[in-house]
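Each of the two complexes below includes subunit A, the first together with subunit B, the second together with subunit C.
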Partner chain A sequence: MINIRATSAAFKQQARHFFADPQWVIPSLVAPFTFTIVVLMLFPAVDEPVVLYAVLGGGILGMWGNTLYASGWSVSFDRMNGTLESLLITPTPMVQVVAGRAVWNTLIGLTNAAAVFVVAELAFGTELRLEDPALFFLALAATLLSLATVGLMLSAMFVMTRSSTVLMQILELPIYFISGAMIPVDHLPEAIRPFSYALAPTWGVDAMRQAAGIQGTTVMGLGTGADLLIVAAITSVYLAIALYLFRRMEARARADGSLGRW
Partner chain B sequence: MISSMKVAVRSQFAAVPLWLWLIQILTVSVFQMSFFVLMVDYAGRGSVALEYVALGNALQSVTFVTVYAVCSIPGTEKHAGTLSPVMSTPSRLFTVFVGKAMFQIFAGIITVVISLLFANQVFGVSFGNADLVSVAAVILVTTFAMTGFGLMLGSIGLYARSSSVLASLVLYLGLVLCGVNFPVSSLPSPLQVVSYSLPMTYGVDALREAVAGAGLLSIGGELAIAAFIGSVMIALSYWMFRWFEKLARERGTTDMF
Partner chain C sequence: MTRASGPAIVVDELTKVYANGGRKRTGAARPAVDGISFSVEQGKIYGLLGPNGAGKTTTIKMLSTLLLPTAGTATVLGLDVSSDHMEIRKHINLVSGGERGLYYRITGKQNLQFFSDLYMVPRRARDENVARLLERVGLSDAADKRVEDYSRGMKQRLHIARALVNDPEVLFLDEPTIGLDPEIARDLRDMIRRMADEQKTVILTTHYMKEAEELCGTIGIISKGKIVASGPPSMLKDLVRDKSIIEVEALNVDEGSIDGLRATEGVQEVVAVKNGDRSILRVQVGSGSDMIPAIVSRLGSCRIVRVSNEEPTLEDAYLSLVSRNDKH
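== the complex of A and B ==
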């Protein structure tokens, strides 16, 4: 049974954490922002389609960065502060608490996307238009949800290891690379493409591009509807994995008393 | 200083196994290079631009180890609760942190060498005409200079809540400002002033020339400027460590993170 009250309380708690110390949004903002600017500088001609393409990609990378660091740190931070054990013994399953935090972290990633958009608009002076705004925002919401479940998975994984900070740094750039957010999937080496197809954001980004009216090849030639169905399917798999990992983490922590060790 | 270096090495590999640490530094440098090389290819810029970007990113990979890792040292000490005890020792904090940074110099050199090998093996960047002595000199001087930069920024972490945020800014803004992916001349003039105050700008330029066959005398000017900037930064960091240490003691911020 989902405890909506606990999940929303965790959402509010994470929000308060963020507003108490918002400096941590900077690291997850800087990388996608600079990547977007460099990408725009690399194109011979910077017109509206190129800017929209780069801004979309940069926005997704920003959301990914925030999901990775904020959600990845979420449970590790509890461990460092000694509050993880208290969280574990509450009646609400930990996964529901962390889910509330993951949703906030991914939402705030939208600020990264907005910042990239605004700066690119100011710097390159193009007027960006979306071909189908409703479909675009639906695809954006689906992508956000998929990123939140990735954050949930990562939170569980990172609790089980002392090397969470290192793992976060390892995971950041590969996703930039294989998600198709900046470099189209069909332009990646063939050996890497299966990893791209297994990522829900890959399909979400593809749907967003099509809804925005960006011309070019689509992932596997599929339309927006198919993309969104795949996002939903893969997100469900991520959610199942996250639920399993949290159950395993809790059982292991209770058995070997390793929760407080970091 | 030497015992600080030994402590840094031991604590590094106590929490993170060597193999994972290697994966970390390689992943960051290799994926970043691959990202921009493939982007250049996608943007249709041609093979010359590809080599330009690959070499720039290969050298820029040293920033993650020398600037980001060094800059994070005060924050790590604060998290572990060891900053105050270290500050209470007779040794100057600057000396302790230089010792901790020395391991990062070594790691930085390894990172760049592996990145260059990756550029050669995967992206076909040719070293057939390269002056290897010049290449080695560029790597050493740039690593030294960027470590100085990291120390300078890291001193802020003694007083401020965190220097990691600043390190992140420097790590990624270097991609825009230092001629790593496109010439500095493409930037607006005010930004070029910033570019030419950073040692990495001279390092990437010198590396490209060294790979094209330029000898030490040809790139000597750029290396000298990079070494000079690095030396100034190390001198500044000595003064900044003293100042921020004093501020941290007065305002009790050594446990603030």
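== the complex of A and C ==
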């Protein structure tokens, strides 16, 4: 049974923890700022599309970094606090709690993406104009949703292992590159591109870039509409995987009682 | 739907063997819980007593649907713990001892609101209920303080409040008073008693015999995963009625003297409580005051202050039953 109250309570609870715990400032604000500023300083004289590409990339990095770290921590945090059993004993499936947290984590990524734009405008005088703002925000919403679902999937994966911190480190940088956030996908080696195509954010970012009017970087030459359909399809697969993993996680927890251990 | 009548909890040959982890890696898996059976009537407090690792927490986890039994069956409010877990969860709650299990960076009130939402407590009733629970556990003044600023006793009281957010019919309390100072432990015991008065069924595990004797209508003594005896505290004490307890108060008692006493023929069990250089030894024997000379002689190097012949307590019964099972 879907308990929207639980999902919204988890969203609110995650927000309270975010503001109560300043460590999230690093992946949420400092890291994407640093990346964007470095790119803008390295290429001060390049033309506008590349600058916009970099700024957009910085925003995506912020959203991805936030999703990865916050999701990795989502259930591990309960394990560490000893609250996992208090959650599992409620009639609300764990996935609904984590979903609320994942949505908050992604929304925080959105605010830092917006902050990257502001820094680029104010500190570097970069002119950022969106060719089709409505389509851009639709693509942004789709990308956010796909990232939230990635976060949900990662939360379940991370809780099956005690090595979530190592996994987070391993996953962070490759996604920056293979999702096309920093480098256009068609500049990547051919062998890596299938991994890029399997990532929903790759298509979401591509749709955002097209809607912003950045030319010549389209993944597989598809249009925005096709990109958005692919985002929806891959996100649905992620969601199915996440639901399956959470069911397995809860079944395993009941079978061996290992989840309460930290 | 939950059952209309009959015991609130029925446990039949319940067994848990962990598939991996802990001691099971070193050889054949020994059941953590080994075919236990008991039942608890609604509104009663059932105590599970046993040494560390005896299977108390595993039993509670199976009954509270956190663990799947390997064999046997258990029903809570007429629902099967293996298959009806989502329905059972609406009607039960669990308190574990210790400081963990709360969100420290948010306030006590926010903790209770969050868990109320997970139990789908209607929104309007939620805030009234949270305020009432905070008042009941004496935390109204600290409602808006972060839990990280709570003392241990306050955290434990918040645990109790958290476990009551869904007004459960069955409560599992796993060593709820562990590490608490006597005053707070007494307050918690009063709360537990009130829960039973409200017709809530309580399963309590504890290491404190007096607590179990004071609260529980029925006690099951569990050792090595098996229930070795069960019944009202007075009945358990009757099991060692044929034994005598010689209590010796002495100064400068060393471990060697205690070991020597344990090795004395006719001595069945020795429990020593030390306070500085003063010790109280409770010596369980089969033959009453006849053993006093032998005991005094064994403690020859110590200064004996007092020797008395005592009635067996629940602790004596517990120690006798557990040590008997350990020898098998």
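As a convention for this text, the second predicted complex is superposed on the first by the 255 of 262 C-alpha atoms of A that agree within 3 Å, B and C clash if a C-alpha of one lies under 4 Å from a C-alpha of the other, contacts with A are read in each partner's own complex, and residues count from 1 in each chain.
In the analysis below, contacts are C-beta pairs under 8 Å (C-beta built on N, C-alpha and C of every residue); 3 or more make two chains touch, one makes a residue touch a chain.
If you're wondering where the values come from, they're calculated on a predicted model, not measured in any experiment.
Once chain A of one complex is fitted onto chain A of the other, the partner contacts of A:Ala20 are limited to subunit C, with no touch recorded for subunit B.
In the superposition on chain A, A:Val97 makes contact with subunit C only, while subunit B stays out of contact range. In the superposition on chain A, A:Ile37 makes contact with subunit B only, while subunit C stays out of contact range. In the superposition on chain A, A:Asp256 makes contact with subunit C only, not with subunit B. By the touch criterion defined above, A:Leu87 lies against subunit C but remains apart from subunit B after alignment on the C-alpha atoms of chain A.
Applying the stated contact rule after C-alpha superposition, one finds that A:Ala9 touches subunit C and leaves subunit B untouched. Applying the stated contact rule after C-alpha superposition, one finds that A:Ser236 touches neither subunit B nor subunit C.
Residues 21 of subunit A touch subunit B in one complex and subunit C in the other. By the touch criterion given at the top, residues 18-21, 58, 61, 64-68, 85-87, 89-90, 92-94, 96, 98, 100-106, 110, 113-115, 117-120, 123, 146, 162, 166 of subunit C touch subunit A in their complex. Taken in their complex, subunit B has these residues touching subunit A: 15-17, 20-21, 23-24, 27-28, 31-32, 34-36, 38-45, 49, 53, 79, 161-162, 164-165, 168-169, 171-173, 175-176, 181-182, 186.
Considering their complex, residues 21, 23-24, 26-27, 30-31, 33-35, 37-39, 41-44, 80, 162-163, 166, 169-170, 172-174, 176-177, 182-184, 187-188 of subunit A touch subunit B. Within the complex, the subunit A residues that touch subunit C are 3, 5-6, 8-10, 12-13, 16-17, 20-21, 81-83, 85-92, 97, 253-258.
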